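I've put the structures underneath this note.
Shared chain: chain A. Partners: chain B in the first complex, chain C in the second.
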Partner chain A sequence: MTYRLAPIDTGAFAAERDDTGLTVVGSVVQRSDARGHVTGRTEFFEDVAPPRLAHLKMHRSARHHARIAGVDVTAALAVPGVLRVLTHADVPNNVYTVLKLIGVEPDDEPVLAVDKVRYLGEPVCAVIAETEAAALDGAAAVEVSYEDLPHVLDVEEALEEGAPLVNEYQGQNHFVYEGHHCRRIRFGDVEAAFARADHVFEWRYQSSPIEQAPVETTGCVVVPQADGRLRIHSDTQACFFTLDNTALILGTPFNRLRIVGGTVGGGFGGKVDVVVEPIACVAAMAVDRPVKFVYDRAEEMQVSSPRAAERIVIKDAVMDDGRVTGRKVTLYVDAGAYARHSPYGTTKAAAHLPGPYSIPNVWADCHCVFTNRTPSSAMRGFGVTIADFALESQMDRIARALGMDPLRLRLINAYRDGDVKAHRKIAEGTALVEVIQKAAELAGHDLPEDCRRMSSTTREGL
Partner chain B sequence: MAKLRGRGFASVNYPTGMNLGGDPSQALIHATTTGTFVVSLSSVDLGQGIKTIAAQCAAETLGLPMGNVLVDTADTDTGPHCMGTFASRGSHRVGNAVIMAAAEARGVMLEVAAEELEVDAADLETDGSGYIMVRGAQDKRVHVTDLAMAAHFKHGRTISGRGVYLKEPSVPVPETGEMDPDSCQAHACTVAVVEVDDETGVVEVLELFNAYEVGRALNPAMATQQVEGGAWMGVSHALFETTEPYYPLRDHGPRDFSAYLMPGPADIPSQHSVILERPAANGPYGAKGIGEMTANAPIPAIANAIFDACGVRLTSMPFTPESVLRGLDALRMEEPC
Partner chain C sequence: MPSQIVSLVVNGERREFIAAPGATLLACLRESLGLIAAKRGCAQGACGTCTVLVEGRPEASCLVPVETVAGASVRTLEGVTAGGELDEVQSAFIDCFATQCGFCTSGMIMVAEALLERNPDPSEDDVIEAVSGNVCRCTGYRPIVIAIMEAARRRRERAVPR
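Take a look at the complex of A and B:
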């Protein structure tokens, strides 16, 4: 067996490395699930096929923002094979928020819509049927009448006075951080830095929502047990997190539930929301049969929570020699209609600022904004990926404006051991200087001698 | 009309662990009478390889071969608590919990071996072969298969251990944002080489040069897969992906993979990667965790390379052919007639 291997540069940080006596760590061993995945023998949750399995499909909102005037399930119930249609009244604790487990409030999202829908695709009714086809037909036969409400889709428009209120549970179109309208970073004095700077650069960046796009879509199979417990086969990324949230929504003791999972066909953050298990459990109890609820590809693309769109404005104070002496960042995270994990991701974004650089004056306002779109949530690089796009584009533009080598600009400003970060933690274990030097060497980019002598552990060259 | 070549740079860092901590994971480990150590977890393997990493950490700490370790995970009736697979926390949190559990089990294993061999436990060592032997007297030894059997039937001992890792939660100061968000930071620098077709606006990423500092590459092949697979996602984010192509409007959202585009085999750049290791004091064998960060640096590196190639500064993701062409048009408008 041969493997593609990036070489390890054992010369870097040689004094801190100690491989003595290691027999397994640092060696290539075959990934334990690789053979099963490529031969098709791996069992995923959908390979569970209990007898009398029923299927669940959602009837979803056709509006961005509307009052629900009426829901008529008569035609759905008349579809052959349909067993039951669930509405919000069937869900014991219908309004929830997943991060209540770490103390985040308020509960702001209904499992099934109550009197309003707040985004296109929001679940309204759950149809349980003998077959997937009957469940789809039943879901299509549900009739919902709407009274349209004005909607808002842009983060800055949502924060304007008089904008339509997206989420009454939140009470305003942004998450409130301990009495503040955003997560703040205040370190040094950026305004003084701008006043003293040789140059001030301000630019704006934007991203659009991105789908996690796992091969296996989000789903679960719930199997009622003889002892009254529910066994939930799930592709969740977090078994106990899903168990705890599901029990809270069901209003049952935690030990009534059992999650079986752990083998997942890709997640990338898209499977940390708890969106299929609670309603599938309600359904399984309602019909006293195993129930499967799995997103189709269109649901995965348009209804499951994507990576948030972000808007980022960066204003920098820069000296002629390339030192960035102040950085002011305004970030808008488009959370969509409900909080999910976005309050957490916005704080994580704040903690990442001002990037891997030692900047003595930093000011950041990071807004978690509600709009009438599919709720965004976690994705690989949560709070960081889009910020890095903005921060590193900014560094490139500064280097060009100053006529400076872009790597030299980064090396001058790179954080080093002992530097105090904007969130006031002292940096340790830093290695930005060394990866820049190594990438330059790999790509054949000549760095001058003083840059090659720099180090994360010394002030050499500063 | 021409294909314009450019080069761009980006350097980044990435935090390990749930932001602000408070995200424990546990591991339990016990030997069956076959001499196999079962590591019980409730951690989830999304394909990133946590089962393999947990087994490697257990085998290394026990001093036994990989073949003597099984990982049994993600049944909440039988596995101890894990906060979940997110925030680049698996290798760090679960790895540390497994090492703690395996160290306790190793202590018992050596005590039982000492009884079996009638020596002092402090004089015993392992070499990863499956034998526990007296230091300096290598023929005085017992194989773990025989030892596990003897532990149960002869000595009445369980060979087991418990582990947990918790970074205590930090609460941010609301006024200033003072906080302790992470356990460690990994680092990367990417150089992208692109070609921009100024007639079609199509950007092709030709080459990526990646330097990653990861603390410790617990499994160098899997670390390479993360670096280069994540770079693919970065290319995809940069050039192709969005669920809302007319954001903030919601029109024309893709509903399948024929409308939601990603790089195919012909779009994959040639990659040159190198790994650096600056072991983290709190990491399992120094590892930091690079599960998430590998998609990040390629995106701005590509944006900067596009500017280098054709002078168009793209500030909205993704960098579609339309946005490149509109940028080129705007540049031509600026040029004096």
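Take a look at the complex of A and C:
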């Protein structure tokens, strides 16, 4: 087996380093956290074990969509070791939305369900107990009676007339962007482009929700301090975002909370929502003891917010020579029952269209849709990744239909410096042409001479 | 069923503690003995991050009721670092950038220790087989395999009398 120890090719930079006095690029720098990891001394949140630690477990919705007729916690309180059962009435500002910190409205999600549940697994009651086992027994003993409501699990069905209303705080089954029903792009005239095109291709793409599945599950340990503050040990990816949102939910000044974090056992976007800290803080104040709330593996897979499922329909006007002259995109992001980060993710998807191509006519409607599914949220390039899957699949299918090299099709349409993009921005620093040329070379894919002469900074070959 | 006193030889030292019935080896290591290198990732034997060596064999400690291994010799990552010196596996993990978030690292190193104990000159397939029960969700498997091969090489070199 051949391998090298350093992931950096130090030889490549040797000449540059000789007389500049710069020494970092091209040199191997040990990770600052590696020694802690290989000795087991890195402190993850669950390695904190304060005395008198109590445990929190959630009783979760057994329905996709239902009115809550009654909640009976008598049996839960009778479980030996159970200390308290919290309901929505115990949470100071129970209804929130995480992006309110950047001005997103409305507050649309309860920390604990009030009169309705909107997805399977939604938190209803929080049980605090002496041991994890007692908390689990207590959570299982909570009795909730439901009046079932019709549910909707598909984005297009959710937007139909007469679909069940998922989220009353939103008021309709889509997020409203500055008075509009979706995030839109209007550039040129796609219908005229379709009329003039040699070919019109329309295909539909669908992705599933994707769970980030970190090996360390989402959780926190909250420790009341002698000075009245709460110290939160968390595996959040966003310490200050979590601190601020938690303080807003608790209705306390920000300086009453202290977050100890930054060590995350895998996140990938799944630890950006603020879902365990607020209720663990309420619990720690209620019993005046340290409280741990950590998802078990099943919760991590079922209720931690995944990458949104998206449905994308792309209709393209294409000329015989491969130029794409018009692109119409209808995109649906399945936000699940609550907004979380999806209004932002949908905007990112819109900003990414029509891909890295100069297309003179672009029309896009990007819908952020509420359904009775697990709320979706951030994951590695959310909004962009699935759009790319659809856009690049579309390019391959067009190339196949025209009998054209798929790289040539992309080179013909790739944006160049100075092109006006659909968002009225002038493209600068573009490099798609050069990246494709290099990739072709590395893959041993012969590009014809005219393609090899193309450049991002000239119109050569167009 | 009452709790009972359980005795183990952990990293070469005899340790006694009180265990509730059904308590797992992982819970006892972490909560009774304060050895936190082994992690809880799934609590169902699927992710490998809780791996420790029981009588030299890698075991998912989250699935082992501690009373079933009473008296056994148990080795954790803390025992690998005894004396503050890193061994070949640990130093190769650093040099080969085989750690990312670090949550799977303890389990990965313990399966590597067990492998090299039994087979000082493993093939790449042997290494892949050995770590196949351990999940690295950062998906850094390639550097992990490279690090274990490198550790084996360093350990063999050290063993050659000069």
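By definition in this document, the second predicted complex is superposed on the first by the 436 of 462 C-alpha atoms of A that agree within 3 Å, B and C clash if a C-alpha of one lies under 4 Å from a C-alpha of the other, contacts with A are read in each partner's own complex, and residues count from 1 in each chain.
Throughout what follows, contacts are C-beta pairs under 8 Å (C-beta built on N, C-alpha and C of every residue); 3 or more make two chains touch, one makes a residue touch a chain.
This structure is a prediction, so every number in the text was calculated from the model and none was measured.
A.B. asks: Which of the two partners, first being chain B and second being chain C, lies in contact with A:Arg297: first, second, both, or neither?
C.D. replies: both
A.B. asks: Who does A:Ser27 touch here: chain B (first), chain C (second), both, or neither?
C.D. replies: first
A.B. asks: After lining up the shared chain so the two structures overlap, which partner does A:Ala213 touch, if you call chain B first and chain C second: first, second, both or neither?
C.D. replies: Both partners.
A.B. asks: Applying the touch criterion given at the start, work out whether A:Pro375 contacts chain B, chain C, both or neither, answering first, second, both or neither.
C.D. replies: After superposing on A, A:Pro375 lies clear of both chain B and chain C.
A.B. asks: Between chain B and chain C, whom does A:Gly36 touch in the aligned arrangement: first, second, both, or neither?
C.D. replies: Once the two structures are laid over each other on A, A:Gly36 reaches chain C alone.
A.B. asks: Of chain B and chain C, which one touches more of chain A's residues?
C.D. replies: B
A.B. asks: For A:Ile185 in the superposed arrangement: first (chain B), second (chain C), both or neither?
C.D. replies: first
A.B. asks: Looking at A:Ile436 after the superposition, I want to know if it touches chain B, chain C, both of them or none. Which is it: first, second, both, neither?
C.D. replies: first
A.B. asks: Just to be sure I read the superposition right, which of the two partners does A:Val264 touch: chain B = first, chain C = second, or both, or neither?
C.D. replies: A:Val264 sits against chain B and chain C alike.
A.B. asks: Which positions of chain A sit in both the chain B and the chain C interface?
C.D. replies: In chain A, residues 3, 5, 7, 30-31, 33, 37, 213-214, 263-268, 297 are touched by chain B and also by chain C.
A.B. asks: Going by the contact rule at the top, pick out the chain A residues touching chain C in the complex.
C.D. replies: Touch list, chain A to chain C: 1, 3, 5, 7, 30-31, 33-44, 46-47, 49, 212-217, 263-268, 296-297.
A.B. asks: Residues of chain B touching chain A in their complex?
C.D. replies: Against chain A, chain B makes touches at 7-15, 19-20, 22, 42-47, 49, 51-52, 55-57, 59-60, 63, 65-66, 71, 73-77, 79, 81-87, 127-128, 169, 172, 174-182, 184-185, 187-191, 193, 209-213, 215-225, 227-228, 230, 233, 237, 241-245, 247-250, 253-257, 260, 262, 272-281, 285, 288, 291-293, 295-297, 299-301, 303-304, 307, 313, 315-318.
A.B. asks: Sort out for me which residues of chain C touch chain A in the complex.
C.D. replies: Chain C residues touching chain A: 30-31, 34, 36-44, 46-47, 49, 76-78, 81, 86, 89-91, 93-97, 99, 101-106, 109, 124, 135-138, 143, 146, 149-150.
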